[in-house]
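Following this line, the structures themselves.
Each of the next two complexes has chain A plus one other chain: chain B in the first, chain C in the second.
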Partner chain A sequence: MTAVIAASNLSKWYGNVLGLNDVSLEVEEGITGLLGPNGAGKSTFMKLITGQMKPNDGNVTVRGQKVWNNPGVFQGIGFCPEQDIFYEDVTGWEFLTGLLRFYGYARSEIRERAARALDIVDLTDDKDRLIRGYSRGMRQRIKFAQAIAHDAGILILDEPLSGLDPLGKRKLIKLIKDFKHQGRTILVSSHVLPEIEALTSRVVLIHQGKILAQGDIPFIRELIEAHPHQISVRSSDPRALAARFVGDGSIQKMTFAADGRTLVVETHKRDEFFGRLTGVVLEAGIAVDEISSPDDNLQAVFEYLVGE
Partner chain B sequence: MTGASAVRQVFGFFSFLVLKTGKTRVFAILGLMPVALAVIRRVAIHGRSGLMTAVFTEILMVFFLQFYIVILALFYGTSVTAEEVENRTLAYLITRPIPKPAIVLGKFAAYSLLMFAMVALSLTLSYFIMNAARLSDPELYLTFLRYLGVLGLGVLAYAAFFTFLGTILKRAIIVGLVFGFGWENVIQYFPGSTQKFSIVHYLKSLLPYNPANVRGGRGVALLLFRLEPTAPLTAILTLVVITAALLALACWVFRTKEYLYEE
Partner chain C sequence: MATVREKGYSHWDGRLVERRLPWWPITRTGIQLSFRKKRFKVLFSGAFIPAFVFLVGLYISERLEDFKAFIQGSDRLLNIGPKYFSTYFTNDGLLFLIVLVLAYGAGGLIADDLKHNSLQLYFSRPLGKKDYLVGKMSVIAFFVLVFSAVPGLVLIVFKLVFAGSFKFFLQYPWLPLSVIGFSALLTVFLAFYVLLMSSLSKNSRYVFILIFGTYIFSNVLFGILQSIFKTPYMALFSVPANLQQAGAFVFGQKLPHAVPAVWSFAVLAAICGLSAVMLNRKIRSVEVIK
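Now for the complex of A and B:
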């Protein structure tokens, strides 16, 4: 399959700060997830492929064309920025129709496209309200609407799910997947693994401006599995609980937290541990108040992968 | 989309958008100040039948020429590009299939038209309220048109200067204030050719020397103080060249410069 977006040896620095370091990446048709903690370089990469920045080194092309100062290429690109930024004093309708003017459509087509995009993001009833008065979720949806209103073949979505409620997230995830089935190329960034996992199996891990790993979800999961997880279990009798797990081979280490009520377990086999925990709790009748995984976040995984 | 068509679309979008901003409301109210003064002057001090002197016209022209058009151009001109960067809305514009210079030219045209409309409305009302007793005098209308033309050229030249400033500087307003109310105010009174390094010199060179021959009037003596005028045609050409050159520079800078948002 040929690359729709191709970056080769792409580097970008802000003064002394390295934003992106020698990144080479090919994005093909379908959904590709760009996964990384905040400040990893996801937005920098997206700004480079949407011509908002020019690289200090390397080059980037979209469908074989350079991006910087090449307005023609944007006929086929829809971009949803990460920041919560708008022309605040216009209504959702005015915002969409205003931006659609830049594609050279006739007035009737502009209205038609704006109405369709608003319908897709469920904002038809609020189209005449000022954006200033929109909720966070509505703002996120109108931002998404402006990226899809011109039916671009390539969608660059920078953290599109942030700020949405669970229902809104589910709807948007379904929508993005529908776009995939229409043969579009979609690059989505997020710092939340389950969000990316719900969207695609093709993932690029980015950290400190470098691509750490890329592949499908099982591959990434394997990397994550190698990372010992910490799980905290707060219960009425943490010592009794610990006694039940002493002989369990999946557990590497157990400690008690300072509050005297929390058992902290370190394991390589998280799913296996959770399976055993359910059985133990039911069997011994130990009341469990809370289960949390303090390092179950990307930052911890990345730190593990880069050996910090 | 072709360049001209893109400029037209940007113009259309921002002509609409700029009307909704608080800035426009503030400057429109500011434009009512000379109108209110004209009414007060005419009704309260001189009475309805009194012949207004050119002195007051002169004061009004000082307001328009050395304050109103400068402050309008400063705030609207610098915001052509700077507000997009500061508000981070630039991403919505530069990821569209329109050339970057079209953004500058379209916004410049939209803002200039708005500025001119505000100036024209304010001047028209204040001028004719003050000269209401002479409405049958054809000379009055010629003088008015001349004032309007001078202010129109002033709006364009200043706006182009501040637009350029906005593309190259992060804090263009501060530098603009120093230029508009420092440099322009001082340099115009320098003798010889030094005063030609100001925009206001060329605008003043186009003012009528003896406007409307009003009885007891002094023309625009205050405005013409120490002026060593440039020939009208040369002044017009200079203003047009200043406007065109600065706009071309602004377009070039905006096209080649990378704007990074402050985190």
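Now for the complex of A and C:
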């Protein structure tokens, strides 16, 4: 398959700070997930491919055209930045129609497109409210709307799911998948593996400005499996819960969190543990308030890959 | 059973109109946002007062006999010619009001974009840096021209209407060119000046102080330095004095300070050059490292 976005030996420094180091990457049609912890270089990479920064070294092309100083190439790119980017004193409608004017559409076309994009992100009823009054989720959605309103063939989405409630996330994930089926190229960044996993099986791992690994989710999973998962279980009686797991072969380590209510378990066999946990909870009648597994121990994979 | 259709995104099959003025959305938004401020509307209206006063002067000048009792010896001032127009364009009041309008209405042009991280939105669209700056400058051009070229040309038209003849135009056929020429100079200088200040801070209030403060302070500095060094060349430190020198030159009038006009043009050009360099550096990229 031909690469839609191609970066070769791309480097970017911010003074003495290295943002991106000799990155070569080809992004093909479909969804590609850019996964890495905060400060890994995801946003820098996205800003370089959306032409907002000039690389210090290397080059980047989109559909074979250079990106830097080539505004024409952005006719076909939709970018959803991570940070808030709004004039607070404009309405959602004004925000969208104002940005659509850059594409040279007729007035009626602008209105039609803005209405369609607002409908897709479920903001039609709030279109005449000032952005100042929008919630975090609504801001995220209007930001997404501006990226899709001009019908771009390439979508660059920087942490698009952050700040959305579970329902909002599910809707957006479905929408992004729909775009994929329309033959678009979508690059999505996140620092949360399950979010990327819900979107695509094609993942690029980025850390400290370098691409550490590239492949499909099973490959990443295999890397993760080699490291213990950390699972926190908050319950009414964590000690009784722990007693049930002593001697369980799937557990590597158990500790109690400072709040006295949370049992922190490290295991190589996550699925096995969850299977056992359900049985234990039912048998012993222990009330479980919360189970969390932040980032699925992604940090451990990064540490392993960078040899720390 | 009716088909349940999912709400999805449909592909656009329309024809894309060629973009002729990519900077226009920036200009339009800039002007619209300025007029959202209630106080700005008052200030904007108030800045037409000098034009109105000079229009009244024009009317009276054509009917001196009727107003003899009121003007008592002031008829000298109402001798309508290039000097009258030069006075309109270079009087402290008008320049002060234009700078005030710009400081309040256009100070946030770049500062607000920096504050709201909007540059990344603009530059991920079919918009070049040049288009962005032209768009911002056009907002300033709008506000400057509406208080300079527009009233200047309207005054000429009214002079002809009040006089009922083209004698004035035949006498000074170059006057409209001077009006346009000085308005253009004022526009270019103030565009660079205001955008330079606007790019120096993310807070439009600080920018207001910078624009207005620099303008006033330069004139105060001129007064102080002149009293110390007793040389008219100190006028070159003053933004308004340089504009007045340039204005007097363009309208063919005696220069207000005994300094060759070319020096004032050079100072104004240098400020524009400095601004261009600074803007090129500031409107470069979005830094993600704080």
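The rule is short, and it goes like this: the second predicted complex is superposed on the first by the 247 of 308 C-alpha atoms of A that agree within 3 Å, B and C clash if a C-alpha of one lies under 4 Å from a C-alpha of the other, contacts with A are read in each partner's own complex, and residues count from 1 in each chain.
We take it that a residue touches a chain if its C-beta (ideal position, glycine included) is under 8 Å from a C-beta of that chain, and two chains touch if they have at least 3 such contacts.
Predicted model only: the values in this text are computed from it and were never measured.
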Three-chain arrangement built on chain A, chain B and chain C clash or fit: clash
Partner chain(s) touched by A:Gly104 [first = chain B, second = chain C, both, neither]: both
Partner chain in contact with A:Ser43 - chain B first, chain C second, else both or neither: second
Greater chain A contact set [chain C / chain B]: C
Which of chain B and chain C A:Pro71 touches, first, second, both or neither: both
Touched partner set for A:Met53, first chain B, second chain C, both or neither: both
Chain B versus chain C as contact partner of A:Asp178, first or second or both or neither: second
Stretch of chain C penetrating chain B in the combined three-chain arrangement, among 1-9, 109-117 or 163-171: 109-117
Common interface positions of chain A, toward chain B and toward chain C: 14, 50-54, 69, 71-72, 74-75, 77, 79, 81, 83, 85-87, 89-90, 98-99, 101-104, 146
Partner chain B, residues of chain A touching it in the complex: 14, 50-54, 69, 71-75, 77, 79, 81, 83, 85-87, 89-90, 94, 98-99, 101-104, 146
List of chain A residues in touch with chain C within their complex: 14, 17, 19, 43-44, 47, 50-54, 69, 71-72, 74-75, 77, 79, 81, 83-90, 98-99, 101-106, 109, 113, 116, 119-120, 146, 148, 151, 156, 175, 178-179, 182
Chain A partner contacts - residues on chain C that touch it in the complex: 7-12, 14, 16-20, 22, 24-25, 28-29, 33, 36, 112, 116-128, 131, 284-289
Chain A-facing residues of chain B, complex: 1, 5-6, 9-10, 12-13, 16-17, 20-21, 87-100, 255-256, 258, 260-261
